[in-house]
Structure formats: structure tokens, C-alpha cells
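Alright, structures below, take your time with them.
Note that chain A is present in both complexes that follow, paired respectively with chain B and with chain C.
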Partner chain A sequence: MAVRSADYVLKRGFFALVTIFVAITINFFLFRVLPGSAVSDLSKVPHASPKLRHALTVEFGLDKPKWEQYLIYLKNLAHGNMGVSFVYQQPVTHLLFADLKNTIPMVTVGTVAAIVVGVFTGVLSAWRRGSPPDHISTNLAIFAYAFPTQWLGLMLLIIFAGILPAGGMSNPFVFGTEPFWQHLGDIGVHMILPAGTLMLTAYGSYTLVVRSAMLETLGEDYVLTARAKGLPPRRIVWRHAVRNALLPMVTLIALELGFIVGGALLIEVIFSWPGIGLAMYQAIGQRDYPMLQGGFLILTVSVIVLNFAADLVYFRLDPRIT
Partner chain B sequence: MRLRRNQPATSPRAASRGTRLAVAAVVTAALAVTACSGSSSGGGSVKQGGLFRLGSASSIDSLNPFVAFQQDAYSTFEVIYPYLVQYNSKLQFIPDFARSWQESADGRTWTFHLQPNAKWSDGKPLTAADAAWTFSTLLKFQNGPTSNTAGDVAHMQSASAPNATTLVITYKQPVANVLSQLQQVPILPEHIWAKYAAGNGKALTTFTNPAPIVSGGPFILVKYTPKQIALFKRNPDFYGPKPHIDGLGLQFFQTYDAEITALKSGQLDGIEVVPPTSVAVLKNAHFDVRESPGNYFDDFIINSNPQQDASHRELMNPLLRQAFDVAVDRAAIIRTSLLGYGLAGSSIIPPATGSWYDPALKPPPFDLAKAGQLLDQAGFKMGPNGLRIADGHPMSYTVIMPADTSGGYGDRSFQIIQADLRKIGVQLSPKNLDNSAAYDAITANHYRDFEISMWDWQPLIDPDFMLSVLTCGSWNVWNDTGYCSKSYDKLYQAQGAAVSPAKRQQLVYQMQQMVASQRPYLVLDYADLIEAHSASWTGLPLVGGTSWTELSKLPFESVHLAG
Partner chain C sequence: MSMQIQEPLLAEGPGVPPRRGGFFLEVLRQRKSAVIGLAIIAFFVVLSVVAPYISPYSASAATCAVYAPPSPQHWLGCDDGGIDMLSELMQGGRISLVVGFAATLVAMVIGGGVGILSGYFGGWMDVSLMRVTDYLLVIPDLVFMLVIADLWGASLFHVIMVIGILEWTSTARIIRAQVMSLRERVYVKRTRALGAGNARIMWRHILPQVGPLLIANTVLTVAIAIYLETALAFLGLEDPTVTTWGTILEHAFERTAISSGAWWAIVPDGFVIAAVIVGCFLFGQAVEDALNPRLKAAHLSLRRWRLRPLVGRGPDAI
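Let's look at the complex of A and B:
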């Protein structure tokens, strides 16, 4: 067992590292093969001259051959240095950390709520298969899943106008420092609409996956045996069926959690939530290579690490995996 | 195409420079205007206090003037830092930190007399030494860390402070737009910034200038959260008229929908830009909605490089350009795309610039029949599938659509032009690119490859910058047409050094006529600037079409609660 697990962890870990390296390389070259350049935007000042353009190119190291830029990038990365943003002239690590700090709570709340609601409604639907609650729940899930995020967000914005804040993370017009709990409550109120939109657009897929996995499990012989033994329905569902229906959920949740770090761009734009998705979107338009590389690196690493974690959980849950 | 500073529409003063007598007259008139504008301190019957909450769909990208890009950053600098001069709502120069100024007879030396006994918000004296240090630093590092503002010190030789209230600036040659250049430069506190200007000056761009900022303007920036909020409180030590409000708050939004919802539900007191689609809604809700002509234009760019690829060299044909111009239904564009909030375009210097616009230039009347005749006259006969043939190939062109123009307005305008040109046998196909990629596509292969593009311009107040865009020296930096003409360049140089305002105006008119007849741009329209605020506030003058502006301190000095 110990040999099997060490071998498995090493193998998956190696694959994860190789994937990260490939992603780092692709992140570097992808944005540089796009048409357009950072210098085009940054030299947009009155009376700019070709001399200024050249000076900026040299300053950003863009005059060096691509392979040399790549080596410098790798060397800096090895030292934990993601570079300095062309646009903001600030360290990328510092900028992205500030954005992540805003994104993670909102997207986590939305995603966790979606998982909880999705699992609950999925189990309910499967358990009451064919009943009106099943029909209502399944149709609602498909309906919510099919809504374009931007449309749903705007509708919620209009419906809750005057009741909930239209944008931002907290009451902006406070000169002093709010007491901690008041500030937390304030952020909570501002989070309702964006996290709620995220929950509504995401929970449907959980409902459908859980329902389908549960139906499969509920048809197994051991569930029939449990019923025959006269176990209470709640115990059959939560102790026997749900645990065995968890595998596809683990995959889905691991993938979704990876994207928490990437933020929810449309939601961040609609509700003016100053997160990392928005920062990436702006960086693409400005060809801010260090910001793009840093942002995509964080996104890639988090997806890969969470997939690695999913692999480990799979390994723990399913003894057949080697 | 937009400048790094997305300027609001404004218009210039009538004269950019003049004799001592003329300047003195302008200053006197300006003081009178200031006195009449109700912006003086003391209050009287004016209600004092309150926080004005303003929504913005833009943002502050940096609080460092050597790094900042966005217009909100520059409007912020205007209210927290001293500037030598500012504009009033009639777009004349009026005093700010400089109480008066004089120009030497040879036009190369400018002497500014500054406010005495002024202080920064940390209590340190605010003197001519700060101003001299600021300009000298801009000069010293203009090819490096301060290149962002290099245009503001063009042709400047030196800046010095013979005493605490006198600033002397000398130029290498007479410059036509000195006050316009200086109006764009915030004076920084030397005691805060000097240490960053040591050595190669690189630290000037890495200093974040965090809030609370040592300020010298009517407000102090006390709190700033990136992408969320900037909060300003009244500066009790300000050298000029004290604002009536206690503070000003600026909240940033990413969409107009959220911003307008916030205004309507009372979470904001005003918003700086209203899209035309929301005007009726806000008017019905009894908001004070104000429209004014914008210093902004939308244009169709026709490749004007005579060396362009032979496969579309017919685009140089003056008859073709004239045909395209009369085939643009400007009234339909304004009606459909701008919902009536705009004017038909005719010149690259918009009418909102007042006397710089040549009134002799009129928008060409829409006439498809004439457009067809002109193409016939050029020898472009109709081909078999409804497309004309030019030099052996069908008249079918790709139009580069940058992100600035794609979306609602741009797409609608493009479709109107596309449908009309199709009727006269010309096919247009859009190609959407982001701004950076669009500019690179236009300039690719020395402007030989692109055919047509559709973009916009937000010029500066003074016409110098907009006119510079078509010069040969602007290739690969600002020039988006491939136009290059020695005679045009000569006129450009001449207007930049024209001593007499009347002479300069004549040269500027001549250049506009040249552009209108050669048509590197077909100017489509001038969109209005629209802003709105709650009726519970009053006394908020527009300067250059907007109140939250980098042109003047007046609006937020004078705004106050109604009643």
C-alpha cells in the first residue's frame, strides 16, 4: 500500500510539475505572438516620437531576442519575481495579491453556495425521482445553468436597485476606518449580488451531475439491501448513496475551485468588483506582459494544484486507482 | 484614437499667446469672470457642507503624474495640486497658482507672479521653488522617467525661481501654446518628491504617491482604494477660493448600468458620463442632465500613403474620396447611433474648440447619386455582381475596427455607411481588433497594407496636438492614415511658432482646409458630452463640457447644496 501510494503521488506530482512548466512557457509566448505591442499603448502621449518608442522598448527589455527574454523571465520566476507591470510600474506580485484578496472571498462564497445548493437539490431530485419536486428542481437547474451570466447579473442589479448596493466592495464614502464587524457586514451586503449571481449560474451543473450520479448509485444492489434491511431513508441516502456518488463531484469541484482564483470576469465587471479577472481583462488590452504572465501563472498553478489534489482524493476514495 | 489621457471635450481660448497688453486684458477679464461665477469663498447665502458623491466609469490607474494614464487621475491632480493657470467655463485662461503672467517681447521668456503665503497641506510653504523644481525635473528626465509629460515642456529651456512668488520660464524659440502646455502640469511638492529624482530619476515612476497625499489644491486626497474609491476633503489651507462642500467622493464602476442604477437609487449624487440611451430615463427621474458639444470626433480613415499596395492604390484617387464622403449619411448616424446627441462632422478640429474651428468647412451633404457619378467619372465601372471594378479588381475593402469603435455606436455607424456604399457598388467588410493590434495593422509595412479604418479622436484643447497627428514625423507613433506632406509639415511648424494669434488662427484654418480637401479622414460626427447630477445640488459649472475635469478647479470649488 505504501509503495503504491508513494509511486502514485510521485507520478502525479511529476506530471503536475511538467504541466506547470509547459504552461509557463506557453504563457510567455502566447501573448507575444499576438498582434499589437505594449509600446504602442504606452507611447500614446502627446508629441511622442519614435525615439520615445525605442526608449520604452529598451526599458521593458523588448528589444532583446525572444529566447533571451524567456530566459530572463524563467530566472526571475525562479527567484519568485514576476516582474514589474509596464502600465502601473509596480511589482506584479503586489498588484495581483491585492486583486486576489478581493476575488477569492466573493467567488468562494458563490461557489460554496452553489455546491451546497447543487448537492442538496441533486440528492433531493434523485431521491424523489419523477415527483413534482424533482421536475421543478431539474428544470430550474437547467434554466439557471442556461442563463448568460451578464444578463442574469443585470436583471438582479435592476431588481434590487435601491435595496442592495449596485457596485463595489464596501460603502465607499466612509472617511474614517469602520469598526471591524461593521466593515465585514458592509462587505457581506455588497457581496450578495455578485456571489448570488455566481451561485445561480453555477449551481445547476452540480444539481444535474449529483442527480445523475445518485440515480446510478440508488439503483445498486447494496442500496436495495439497505432498504430491505429497513434502514431509514435519510441514512440510506447520506451514508450509503451520497458517499458513493461523490467521485464525479470531486472532479467537478476541483475544476471549479481552480477557477475561483481566475475570478469571474463578467461578474466582476457587472458589479464593479475589483478582482483578478478584471485585472487580467485590462492587462490583455494594454499588452501588459508581466501582469498577464503573472495572472495566468497563478491561474494555471492553482488549477493544476487542485487537480493534483483531486487525484489524491480519488486515490483515497477509490482503491482501484493505481 | 485616444491619448493616454482621455481628455473630456473642451475648447481653447481665443488667443494662445499675445502681447503683454493682451495678456493683461485676458487676466483682468478672467478675474471678472471668476468673481461673477459664484465660486468665491465666504458662503453668504450659499449652503455649506455635504459630501458630493460622484460616479465614474473610468478609473485612476496611478496617483503618480509620471505614470498616470486615465482621465480620472488627471482630474484628481487638478483638484489636489496647484497649476499655474486654469480654464474658466468660457474656456479662457484664468489665474490659479499664478496670479498674473507676462511674456517678453521676443516671446521666449514667461514670468509668472504666484500666490503669496501659500502652504501645502502638511504646513510646508508652497512657493515658486516647487514650481521651478517641477518644470526642471520634467525637462531633465523628458527622454526617460518623465516622458509621459514631455509634450508639456516642448521647446522649454529652463525654469527658475528668483524669489518665493516669481517663476521665470524660458524657451528656446517662441512657442504658440505656452499656457496650454503649462495648464497640463501639476506642481508637485519638492520636499516630498525631490528624493525620487536623484540619480537616473527612475524612482520618479515607481513612487506610488499613496494617500493621504500632501496636497496644495482645494481638496486633499485622504483615502484611495484602487478600482473602488477616492475620497477628498476640503483643504483649509488652499490659497484660492475655499470649496463649499466638506468633501468629494469618487466611486469607480465598470459599467454604465451599475452606475446609473446607483445614481437613481440615491447611492450617488452625480455621474460624469451619461450614455445617450440613459438620458430620457434620468430626465424623467428629475435629474439635472446636461448635454454640451464634445471636443471629440469619429472618423473614417482612408489609407493616404501614395506608396500603398497596388491592389488598393485607387484609394488615393481624389474622386473616390469625395464619393465616399458624400455617400456618408451623417444625419442617419447622428439619429441612429448617437440618438440625436451630436453634430455632423466636417473638420479634424471640432467646433467645440471655438475659434480654432474653421466655420467655412461644412459637412458634405449626403448624395448617393452624386457619389455614383463621381465613381463613374473616376472610371470605376460597375462589374457583373454589383461591385465596381477599379484597376482590374472589385472595389471591396477591409475596414479595421479597433475596440474603441466596435460595439454599439461604432457597429451601427459602420452598418449605415456599409449599406450606402454597397448601393453604389463598393463593398466594405469589418475586421475587429483590439486597439493595440489595430494600430499595428494600420502601420504594418510602412502603411502599405491597410485599406480603411474607423476610429475616433479626443484632441487636446489647443489644436497643435491634433494637427501634429498628420505630420510625417508622427508616423508609427500617432499617425493613423499614412498621410505625409511636406507642405502640411511646413504649415504645422509655422503655426507652432506663430507669434500673432490671428496669424496662427489663419494657419490652423489653412491646415484644416487642406485636410478636408485631401480627405485622409472623413470626419463623421462630433458626439455630445452628457453628464447628470441630482437636483439637490447646484452651482456646478461645466468647463469644456464636464465638471469633473482636468481643466479647472472651478466646478468643485463652487458646487453646493441647493436651497
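Let's look at the complex of A and C:
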């Protein structure tokens, strides 16, 4: 048992590390080597003085061969140095981590809401399969993920215009003056629409996965046994079936992370949520390549790390995996 | 001896349609959802083809007031430039479908090629190709597309390529699993014994066998491609001179459709996008179910198909 887990964790950990390294390398190639690569082409830096150009050339070693630039890039990354934003004239690392702190709560709330709604609708669908509620919930789920994320966000904006704040993370006119809990409440109100959009766009696949996993589980012998023992249906469903049916959810949550990150980016743009997605979107408009590069790297690495974490959770939950 | 026992078992294995020619007719006959899905897809394809002849107004010239509400003359109202929304939706559908199908073609060529090579040769080729696939599966694809599309510059061709070169991974995995079992079939071994080369076996004997699976994948990938096109367009990475279902949403958002109360510039667009995606999903799903009941978990993640690794682990992992 101990050997099994050590072996598995090492294997997955190694894969995660290799993937991160590949992401870092691809990032270098995209921005430095390929045609149109932005960082090495200083003519793309807006309003650069000769002095700034020289400073950038020295910092990134642009006058040196590519492989040497690659080593410099790796060394800088190891020190947490992702360059300086062209627009804000501040270190990218510093700026993006501040943005990431705004993104994480919104994405967490939205994802958790999606999981809760998905599990409930999925379980009810499977329990009452073939009934009108099942048809309604399954079709709603399919449509929820067929509608584009940005469209769902715009719909919420139209429906709740004037009722809930439509953009930003807090009321700019009271910021800094009110007590802490009030400030927190303000953020919470601003979070309803962005997190709600994320919930709508993500919950559909959870509903369907829970429904089909439940249908499979409800056909198992131990469910029959539970029924034969005379247990009440509610207890059979929630205590016996759901616990096993939730296993695929762990994998699905991990594997949908990439999609959630993409959706969060669109949502931040719609609701002006000051997160890392909005920062990247603005970086595109402003040709701020160090920010774009940094944002891509941070998001990719986060998804890889979270995937690894989900692998470990799944491994703990399901003893059949070796 | 053992081969003679295995052969009939394998013949009933996943992915072997009863008759190749009549397979799709069979699916359509048996599954209502396939008929509905195909009807939706056909409707939009036909509509796109005849759009220039039946669209009531020009899709590029102003024919009414800015954000004019729906009226008997303009059923879906008008957009920020006074362009009839219905005509714009028809025109946008043409480009969106072209992007969807073209990007899917790119994805199918790469995914089918990687899947067949990986499954057929195995060994180091399999390992290295599957590492690349795993990597692309794990990274957040919209973010990656955003970066590439931005570096390359906003154009229709770049949008197609960017979607195509990132959305082939699920196809590659499915085809690979299929080819790994096909490779061991007796008919392939006999063909090789008769002196056929690898290229001929793959082209003449493996590819036709994975054809239906590839088609099911194609339809599902079209849905993903259309979805991603709207997202990229929304982020301003679509060619500014074309009209697609994605740019309609972008314009409405950028040009204050919401504060003007012009819901008609937003609502119908979402419904046509969702309709096409659901259509592709119903049809592709039905075909795939018919091909391989074991894959029924596939519909669980329309966009990413990432449940597939769940379906099997070890040698029969998909």
C-alpha cells in the first residue's frame, strides 16, 4: 500500500513537473523565437526611448544567441522575475499576483456553486429518471453549456440591470472608508453576477456526469441490497449511491479547470472584475506583452498544479487506482 | 487456435459498425436524437448557403435606425449601425459555420494522423505523441488561443488555425485506442503477410475502419470550434471586417447595446449558437453511442471531452 502510493505520487508529480517545464519552454518560444514574437522585437514596445530599449536588451540578453536567452529566461523565472509591464512600469509578477488574488475568490465561489447545483440536479434527475423533472433538468443542463459563456453573462446583465452591480469588485465611492465586514459584503454583492455566470456555464456538465454516474450506481448490487434491507429511498440515494457516484466528479472538476479558467477570463471582461483574465485582456489591447506572457504562464501553471492535486485526491478516494 | 476464438469476439468489439455503408442510416433509424441533431445542422447549413438570396436586407449597409426595436419590417430589430439583425445573423452564420468546419478539418487531420500513427506504431512514437496530447489537454486552451491569436494578429485564417491546432487531442486519443485494437486484427496481419507496407495498411485498411468514429468526432468538434470562435471574437481577436455570430455579440457588448436596452442585438444570437451546438452534440453523440456503448460517458463534457481518461486505465485506456 505504501509502495503503491509513493510510486503513484512520484509518477504524477513527475508528469506535472515536466508539463510545467514544457509550458515554460513553449512560453519562451511563443514570445521570443517564433515570427511575430513580441518580447524580442523591441519595435513593438510602445513609446520606447533608446535608453529603455538598451535596458531591455541587456535584461533579456536580446543581443545574445537564443539558447543563452533561454537560460537567462529560466534564471529570471526562478527568481520570480517575469519582466516589467510596458504600461504600468511595474514588475509583472507583482501586478499579476495582485490580480490573481481577485480572481481566486470569484472562481472558487462560482465553481463551488456549480458543483452544488450540478450534484443536486444530477441526483434528482437520476432518481426520478424519465419523469418531467428529469427531462427539464437534463435539457436545461445541455442548453446551459451550449450557450456561450459571454452570452450568459450578458443575459444576466440585462436581467439584473439596476438591481445588482454590473461591474467592478466594490463600490468605488465608499472604498476604504467603511468597516471591514461592510467592505466584504460589498464585494459579495458585486460577485453575484460574475460567479453566477460561471455557475451557469459550468454546472451543466456536472449535472450530466452525476446523472449518468448515479444511474450506473443505482443499478449496483449493493443498492439492491440496501433496498432489500428496507432502507428508506432517501437514505439509499444520499448515503449509498451518491457517495460512489461522486467519484467521477473529482476527475471532471480537475479536467474542466482549463475550461473554467477560459470562462473566468470572459466573465472578468464582461463584469470588469479586476482579475488576471481582465489584465490579460487589457494587455492585448495595450500590446503589453510581458503581462500577457506572465498571465499565460501563471494560469497554465495553476491549472497543472490543481490537476495534480485532483489526481492525488482521486487516488486517495479510489483505492482501485495503481 | 487462439486466433480463431478471438476473431469473432473482436469483431463485435467497440467501433465496428455492422455495415459500413448503411451505418449512418441505421443510426438515424434507431435514434431520434440523431435525426433531430442532423435536422438542426442541415437547417443551418442550408440557411447559410441560401442566405444571400433570402436575407431581407443587406448585412453590411444601414437600413433602419440605430438599435431600432423589432418591428414588422425588421423582425429582429437593428444593431448599432442600423443593420438589420436577421440579415446579420444569416450572414454571421455563414462565416461561423465556415470557421467551425474549417477548424474542425484541421483538427481532424492532425488528430486522426496522430491517433493512427500513435496507435499503429506504438513504442517511442506513441509515447512522445501522447505526451504532447496530454500537455495540450491540461493547459487552459482559451488562454493559449488568446496568446497565439494575439501574437499572430487578428484574422479569420488565424482563428481557424488556432482552434484547429489545439482541439485535436480528444480525437487523437479515441482514434489511437481504436487503432491499437485494429492493429492486432487478423486481417491486418494477413495484409502485412501479403507484403503491404505500413503506409498502405494505414491508408487502406485502418483509416476506413476508424472513419465512422472520426465522423462522430468531427461533428462534436464543430460544436467546440463554433463555441471557441465566439469566445475569441468576443475578446476582439476576430478579423474586424467580417461578421460572425461571435462578433455580433462583441459589437453589442462594446457598443452599449445593454445600456440602450437593445436586447434584440444579443438574445437571438445566443439562441442560434446554442441551437447549432446542441444539434452537433445530439448527432455526434448518437453516432458515437452506436459505435461504442462503452464510451457513453463521453457526452459528459461536450467541450473538453476530458472524461475520456476515466473510461479505462491501463492498457485499454482511451
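Couple of notes before you dig in:
By our rule, the second predicted complex is superposed on the first by the 272 of 322 C-alpha atoms of A that agree within 3 Å, B and C clash if a C-alpha of one lies under 4 Å from a C-alpha of the other, contacts with A are read in each partner's own complex, and residues count from 1 in each chain.
Everything below uses one rule, namely that contacts are C-beta pairs under 8 Å (C-beta built on N, C-alpha and C of every residue); 3 or more make two chains touch, one makes a residue touch a chain.
Only a predicted model underlies this, so the values are computations on that prediction, with no experimental measurement involved.
Look at A:Thr300: by the touch rule set out above, it reaches chain C but stays clear of chain B. Residue contacts after overlaying the shared chain place A:Ile270 against chain B and chain C alike.
By the document's definition of touching, both partners, chain B and chain C, reach A:Leu154.
Once chain A of one complex is fitted onto chain A of the other, the partner contacts of A:Thr57 are absent, as it touches neither chain B nor chain C. With both structures placed on the common chain, the touch criterion links A:Gly258 to chain C but leaves chain B unconnected. Applying the stated contact rule after C-alpha superposition, one finds that A:Asn244 touches neither chain B nor chain C.
In the superposition on chain A, A:Asn76 contacts neither chain B nor chain C. Of the two partner chains placed by the overlay, chain B and chain C both lie in contact with A:Gly285. Shared-chain residue A:Gln89: touches chain B; no touch with chain C.
Shared interface residues of chain A (contacting chain B in one complex, chain C in the other): 34, 36-38, 154, 157-158, 161, 269-270, 284-285.
Across the complex, chain C meets chain A through its residues 131, 134-135, 137-144, 146-148, 150-153, 223, 227, 230-231, 234-237, 246, 249, 252-253, 258-259, 263, 266-267, 269-270, 273-275, 277-278, 281, 296-297, 299-304, 306-307, 309-310, 313. Of all residues in chain A, those touching chain C in their complex are 15, 18-19, 22-23, 30-31, 34, 36-38, 142-143, 145-152, 154-155, 157-158, 161, 205, 208-209, 212, 248, 251-252, 255-259, 261-263, 265-266, 269-270, 280-281, 284-285, 292-293, 295-296, 299-300, 303-304, 307, 321. The touching residues of chain A, when paired with chain B in their complex, are 34-38, 40-53, 55-56, 84, 87-90, 98, 154, 157-158, 161-162, 165-170, 172-173, 175, 268-272, 274, 278, 284-287. Residues of chain B touching chain A in their complex: 1-4, 51, 53, 61-62, 64, 67, 69, 143-144, 147-152, 154, 205-206, 208, 222-223, 225-229, 231, 233, 247, 249, 251-255, 257-259, 261-262, 264-267, 403, 433-441, 460, 465, 468, 473, 475-478.
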